[in-house]
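Each remark here refers to the structure printed beneath this line.
Just so it is clear, A, B and C label the chains in written order, and each chain counts residues from 1 on its own.
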């Protein structure tokens, strides 16, 4: 009886692996699947199958055509986009200039749209002909194109969007390679091959199932026992185990974001902390941290220590801006210079996940030697966010998932009054440079502007301590071929197949 | 009896009202702005935050928010999840059967192991059987679920390849596959509860076996088996029933950690994610549903008390 | 006539005072004495942690991360190169406090309320029972997050949260036993003789409900020790780097296969303490229950 039971199970397991069905283990359950209203990183992974964008990025973070075939700047404020011919949405509607204008308008005007600020530079939209759109901007913008490579560039079926309204996210209808089949919250999202997809020759799966599996050990166990073929954002601790397995392949991809410490320089009750007093104290704090050691101790040396918001993969990454080595003597000297005698107590909020909590403990031990008494405060995300936005914190160990354009990693964090400038950092010189870099279309000059910003905001003012760039560690079955990693960590299904 | 039952049902309504006020109050005590957490990384735009607050009526005074919500609940509308826009009623109906299946399996395992082990332990008091049973029971209780869970996954899924490591298939979809996906988490949960039941059964049995009437029965030459099963056990069951119904309720309210590890999309995961995401309509709906479960189970407990000891009916 | 009030059986046999008798009965229970010794050892270990620990529990050593147990590190080292043995010893302070005190508070709150419900019956019972139902259905997580923000991050506040959430079980247990006791002949007789309800509860019912309460209390200690850890991750409870067994277990979760000793030793400590408390509980029950004399 029991033996028969196992036999049945074995047969079931064997049967499910035969077809060209891909199962992807996600680290979290995505939020609503409406390109206008969604905001999680993990949701963007799922959009890769559902919703094509006007443009995409490649492994060098260059803009490449997707639903659009090309673009030209008619003048610094006028963008002309040519659309691909013969593209249809999952409901059979044609994807044309009217649909593009509809989608962009939806992003801009829908209540609670998270895309609004991304494309707020749009002044007017014009339909030139059924396959050409003209976008007029309020100001020249170097960052604008990159927005069209992400959710703001996703085109939805106007008919479905009108019919479903705010519930569009429960049954999204776009023009991606797969169409939505079903979603069971916290369990699975299933998509199915869309036969009329414009690039169907490159799609080899019949069905893709996204399974949220939050526990890292268990996501790995699923890979090891062949219950999923692809696991995203795995832990550095898992890499060695996976490498020992002959059936698994580990692909570490440099991310486009960063992890660092936000320092409250003047917001709310936490704004009058010891670090806010003097840039020298903050520099001393930074000098007492050994980024390489953190990386070794907590992340098996897999990540990239940094001192800036732009990872090496980003073309605007500032060269000659390597993180300084740990120097306790110099840190103590700076503290003396700033008139600090005796231990300086600073509080740091750490998110309640195990690795960042360990980082907190490591930093705590490191800065003690220089004369900082770092008190750690573990907090869940929602409490920490509120503390950050109200200034009820002194320092905050936090990260940013990153955007392809450098502006997305800096402007809102460093500009006076910026939406995510939780430390209320303010330096008019930096503001001027940030504004200039936004409109500077020449790449070399823009690189120089960002280098200047970092020299002032990071090296001199020490407004924030950047610590490392993560790697998106992808682990997949060796049966899977054709995965081409892109630094944004999203899983593009084109070209992938199972052997 | 009927009047007593009717009274019990009538009590449900004030309980739910008081609870709903309590949960609204606790939500206010919790830090974290739902609009802010809903925006997450996209929180840089104050206008969007204001729009969200307006849409979710978070900018209204608290009593108005409450009355609006309870008014809708009374006509059967539990609202929708702020995070994924699914109706709360649908989510609850989707997750409850999953948790019910898991909880029932775990509870059956627990009762099948815990109660006989407790009886055996009590009748063979201070023998190696007793010590071993106690040791195993306490081990089951103090062993962290995540540890046992991961170890089982590593053994049965990764090493032996017998069972799927995580996920869930419903009973109607595929019966055996459904059992296969839930047997490990049910066992992990069951061992802990089995330990609790075992310890209570043992203690109660020891007490009952020392009672005069049991000794009288023995003296009269009634067979030991009859003494144990008929006379002693019946009188030992009160604390076992109390704890059994509470533990079953806790299992139904969601075994958060175990569901998390085995990625079982049940009640526990629903509520935890809702709390962390400040998805208040889901939190409120789930808590009301949980309260119904506990009220129902304490009714079951009282009925069981009467079944076990008919004299308690007067109470 | 199926049960006499306990004191009436015990009284004729008692030449010594009941307390001394109880003590003698307890000491004859070898396992209970062993349990008591283990508890005392742990308490001593916690109290004398600075003397026993071989190293500073918070001293990190980046060159000795996740070392297996050895002569230098009895229990190995953790992910920050800290000595696990010393952390287990020091962690006893937080974990024993969280386990023992919070359960004691829960007992103290829960039992009188449960007795009241069971003995008084009627609307008092209905009110108390429904409140207990409501409390059971409030997710622990919500209580913990709200209290963390409200009271601030401290071990005592974690104990308050644990005690609050553990008390309904004792209410229910005490109520159930009181209902049963109330249905017995001798309580009815005592009531007929005009004893006031509080006296009934104290003298006649309480002694009979001690066994299940002891069992539950000793079991709840395990839950409380583990609950403290999840609280410390939410900002209540022991804050890093100070150790507690629960939080050690939590951080061991990342290294279950690479460094199993990180989970094994704090886990073993919890098991031993729970086992010891249970044995002591068994012994106490026998000692307090005179009927066991005649076994």
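In this section, a contact is a pair of C-beta atoms (placed from the backbone, for glycine too) under 8 Å apart; a residue touches a chain by one contact, two chains touch by 3 or more.
This structure is a prediction, so every number in the text was calculated from the model and none was measured.
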| item | value |
| --- | --- |
| Third chains touching both subunit B and subunit A | C |
| Pair sharing more residue contacts (C-beta pairs) when A-C is set against B-C | B-C |
| Closest chain to global C-alpha mean, per-chain Cα centroids | B |
| Farthest chain relative to subunit B (centres taken as mean CA coordinates) | A |
| CA centroid of subunit A to CA centroid of subunit B, Å | 37 |
| Chain centre separation (subunit A, subunit C; CA means) in Å | 45 |
| Whole-Å separation of chain centres (CA-atom averages), subunit B against subunit C | 21 |
| Sequence positions of subunit A contacting 2 or more other chains | 217, 380, 383 |
| Shared interface positions of subunit C, touching two or more other chains | 145, 149, 253, 256-257 |
| Shared interface positions of subunit B, touching two or more other chains | 30-32, 150, 154 |
| Sites on subunit A touched by subunit C in the complex | 216-217, 235, 237, 240-241, 293, 296-298, 350, 352, 354-355, 357-358, 360-362, 364-365, 375-380, 383 |
| Subunit A-touching residues of subunit B, taken from the complex the two chains share | 30-33, 36-48, 51-52, 54-55, 81, 83-86, 91, 94, 150, 153-154, 157-158, 161-168, 174, 176-177, 180, 260-263, 265, 269-270, 273, 276-278 |
| Contact footprint of subunit C on subunit B as seen in their complex | 7, 11, 14-15, 18-19, 22-23, 26-27, 29-32, 126, 131, 134-135, 138-139, 141-144, 146-147, 150-151, 154, 195-196, 199-200, 203-204, 206-207, 210-213, 238-239, 241-243, 246, 249-250, 253, 256, 271-272, 275, 283, 286-287, 290-291, 293-295, 298, 301, 305, 309, 311-312, 314-315 |
| Subunit B partner contacts - residues on subunit A that touch it in the complex | 5-6, 8-10, 12-13, 29, 31-32, 34, 39-41, 111-114, 116-117, 166-167, 169-170, 184-188, 211-215, 217-218, 221-222, 224-225, 227, 380-383, 385-387, 389, 400-401, 412, 418-420 |
| Residues of subunit C defined as touching subunit B within the complex | 1-4, 31, 118, 121, 126, 129-134, 136-139, 141-143, 145-146, 149-150, 168-169, 172-173, 176-177, 179-180, 182-184, 211-212, 214-216, 218-219, 222, 226, 249, 253, 256-257, 263, 267, 270-271, 274-275, 278, 282, 285, 289, 291-292, 294-295 |
